[in-house]
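Structures incoming, each one as structure tokens.
In the two complexes below, subunit A is the common chain; its partner is subunit B in one and subunit C in the other.
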Partner chain A sequence: MTLDDLFRLAPYSLEASQKEQVLSEILSDLTRRHYANCPEYARILNALSFDASKNHTCAELPFIPVRLFKEFELRSVPQEQITKTLTSSGTSGQAVSKIFLSADNVRAQSKTLNEIISSFIGKQRLPLLLLDTEMIKKDRSMYSARGAGIIGFSIFGRNSTYALDAEMNIDLEKVSSFFEEHKNEPILMFGYTYMIWQFVVRALEEKNISFDARNAVLFHIGGWKKLKDQAVDALEFNRRVQSRLGNVKVYNYYGMAEQLGSVFVECEHGHMHCSNYSDVIIRRPKDFSPAGIGEKGLMELLSVLPTSYPGHVLLTEDEGEILGVDNCPCGRKGKYFKIHGRIKSAELRGCSDTYEKR
Partner chain B sequence: MIPMKNVDYIVGTSDINRTPLPVYNDSVCAFISEISATLMKSPLIRVFPDLSALAFWGRKANLQKLKSDFGSTERRLGRGLCFHVAPSNIPVNFAFTYVFGLLAGNANIVRLPSKTFPQIDALCATIKEILQRYPEIEQRTAFVRYPRRDEITAEFCKIADARMIWGGDETIKDIKSLPALPRCVDIAFADRYSIAMIDADAVLNADETQMKRLSENFYNDTWLMDQNACSSAQTILWLNDSKAAREKFWTAAERRAREKYTLQDAVAVDKYTLFCTESILNDNMERCTHHDNLLYREELKALTSDMVNHRGKGGYFFEYALKDENELFAVITEKFQTITYFGVDPDKLCSSLIASNTRGIDRIVPIGKALDIDVIWDGHDLIRELSRGIYVGK
Partner chain C sequence: MTNEEKYANAFCQAFDIEPEAAKNLTFQAIDAWDSVGHMGLVAQIEEAFGIMLEPDDIVDLNSYEKGKEILAKYNVEFA
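Now for the complex of A and B:
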């Protein structure tokens, strides 16, 4: 099976055994491709004595640490085929990861995102309120992951309206007229979890202003780290969003800048789902062996999309656990899981001061 | 000196008396051995092995031996006031640097790590209690803690006759940029690199008990400090190399680490990332093997001076079969600090080292003693350098 064949299926339709067969084939192909075209990747596989010429199971395929995209420029196509370079600082450190995207890779990303999101909201394009500032997408050549996310999501909507001005203040007039104009139809909203919290929910609470959307869907992404510090969990977030914006169905989703497109969306039962395009393997930190259901470990993410850079099998620094396979009450097939957040950064003994830098 | 704002005086006084004392002063020795005796009796040393190292070192008998090894202590006085910047990641180091300053006859201001450790709190309480019986020493003691700020450090530097600067290259650069008294002596402990030298035949001949002790000792030198101390071995050099000896050694070492080492998740990721980085960048890597994430072994094709730039953490070792000692001496730079050895004659090794005029290697000690700090450390004769000799001509 190829990626094109996958696009002919509903995005949450493959059961475990079929999926392993399909993914292992596509991912083994990608491994061969990156091995042949990305010298750095090839050196790692050689050091692992990995035989890329054969097909392997998903769990056997070698993963590379996401951090490597901060330290090296990894690409598997000639520079002239790179149309976009995505940058993301991630959450730790100043180093920036660089993801080199070819036109084909970008196309596959947006097609995949489209399949996944429209399985939640339907194929029609809804009026879209972006809970962010338009400034974020100004520089298109070296675009940030946040800007890329906004642009990527914009294809699902029409009449895209930005709720925040350049100084991140909520533009009340613009937002009111958006809600007014579309009061009789479903609307779509999108933003980054922390931005929504800080510049929409908290801002509206301070001003004591509420809107009354009748039928809205909000997708948000970006992680809970900063909100956790304020003791805000998903339930609290959803409740406060609804109390300020009205009848809003809230969907959280998860994805890495290194694997844009094949995102993981949380269903109505609060479970993150792998689609046909992606998978999760939990690795035990002691030996990287695959963990069982309900066992916490490091999250390895697989995606069928990366063709222009070797990001199809990645070891993240996030901790998670598989909750089940093929049997979520929401009906979606595939693995579903829970994310516990970033692992604690290393605390090392030793002579040289590491964390007392000014 | 006026007590400074934002500075916590944890032990001792803000009104420090900088009048020097003779080196190895009797009252100072009595004070240190009382700390040692108190710790020996305390349940604390079972909880914190680093406290037991301090207690053992500070024994009355050891101090007497150090004093007699020192030679004549007449006509030597402390320099005055010594300001110590303790490293942030080795909890008990502050106490060693403090007693070295005292034995040399100085008053001491010790900047404690801003990060708190239970053994620091416990040790400070012990020292504080004992100081009550040594008013002369109490007047010469200040353990301070403050938010890391240059203005405050600068005030302490201004009055320092000596500075003991731990914490590596970055900290040294920071502290040395702050002016001290014109005659101030700085002893700075830079980032260093260390290796182990093992004779394969000696490993093959070792019985079970000896292997157990060797692996225990190797563990204490390396994993115990996340392999991140300056004197923890990064590279293992094999003399009379044999595959069987290596297997015997690493099997024992790995078993010890499995029993004792807590591998943090982030360290597991760091080690795998280092493996990937090494695969990409290091043309000198022959291969790298690992069964699980406890132990990575990277075989080198050749020895180069550049090896100091390839450092492992938490159990990532480099290995090389050494043809002869000269192959090592040829690549030693001033960055090299300690050779820990097993089955090697240290006196012969030292003689050949000196004969080849190397710029590095300050310590040659058996495996297991890498971290044993003492009055001669990192190439410095601390008591001599922190004190002042009076020349009398006739």
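Now for the complex of A and C:
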């Protein structure tokens, strides 16, 4: 099976056994491709004495730490085919990762995000309120992960409206007229977890202002660390969003700049789901062997999308656990999991966690 | 204006280019046609023809020619 074949399936349709077969084939192909075209990656595989010529199971494929994208410029296509260099979020003093994207890779990312998100909200494009500032797209040479996330999400919306001004203050007039104009239809909202909390929810609470959306869906991404410091969990977040914005269905999702597109969405039951395009393997920190269901460890993320850089099998600095496979009550097939957050001493790197007010 | 002219004009407006430069253009071939510019182009095309593209079609719209094929689904015909 190829990526194009995957695009013909519903995004949460593959059961564990089928999926292992499909992913191991595609990921082994990608491993060969990166081995042949990215000299740094080839050196790593050689050092591991890994035989890329054969197909391997998903768990056998060598993972590389996400940090490598900060330390090295890793690409698997000639420089002239790189149309975008994505820089991940990083607070000052932290190195940023650089992801080299070809036009084909970018397109596959959009297509995948589209398959995943539209399986939740349908194919119609809804009026979109972006809970961020338009400034994020002004400097186009700096294609940050945060900006890319917003632009990438824009394909699901129409009449895209930015809720925050350049100073990150909520533009009450603009937001009111957006809700007023679209009061009789479903609306879509998107933003980064911490920005939504700080500049929308907290700001509205301070001003004692609420809106009354009748039928809205909010997708948010970007990390919980800063909110955990304020003792805010998902339930509290959702409750406070709803009390300020109205009847909003809230979906949290998780993804990395290094694997844009193949995101993990939390379902109605609070479980993060792997789609057909991605998988998670939990590694025991002691010896990196794969952990079982319910066992905490380091999260390794697999994605079928990276073709222009060797980011298809990555070891993250996040801790998580698999909750189950193929049997979530929401009906989605594949593994579902829970993220426990960054391991200690890892740097801050979520899009919303690295925001600092100057 | 013919549909062809309207269509080329959408590219000119979105990317600030001449009509001749629009033909044969592909996604990311010029700096202006990046992901940000892409949504600008979609807006111009939608306004020109009074239509709304589906997300699938927005993703698939990766060249001047491909866009014409896509528009056929929305009953926009090119001679």
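We adopt the following convention: the second predicted complex is superposed on the first by the 340 of 358 C-alpha atoms of A that agree within 3 Å, B and C clash if a C-alpha of one lies under 4 Å from a C-alpha of the other, contacts with A are read in each partner's own complex, and residues count from 1 in each chain.
In this section, contacts are C-beta pairs under 8 Å (C-beta built on N, C-alpha and C of every residue); 3 or more make two chains touch, one makes a residue touch a chain.
Model, not experiment: these values are computed from the prediction.
Contacts of A:231 after superposition on the shared chain: neither subunit B nor subunit C is touched.
Using the contact criterion defined above for the overlaid structures, shared-chain residue A:156 touches subunit C, although it does not reach subunit B.
By the touch criterion defined above, A:44 reaches subunit B but does not reach subunit C.
Between subunit B and subunit C, the partner in contact with more residues of subunit A is B. Contact residues of subunit A toward subunit B in the complex are 40, 43-44, 46-48, 64-65, 67-68, 71-72, 285-288, 298, 315, 317, 319, 343-358.
Partner subunit A is touched in their complex by these residues of subunit C: 26-28, 31, 34-36, 39, 42, 52-56, 58-59, 62. Partner subunit A is touched in their complex by these residues of subunit B: 87-90, 113-115, 148, 150, 166-171, 174, 189, 191-192, 224-226, 228-230, 232, 263-270, 272-273, 275-280, 285, 287-288, 291-294, 313-314. Of all residues in subunit A, those touching subunit C in their complex are 83-84, 103, 106-107, 110-111, 114, 118, 123-125, 137, 140, 143, 148, 151-152, 154-156, 158, 160.
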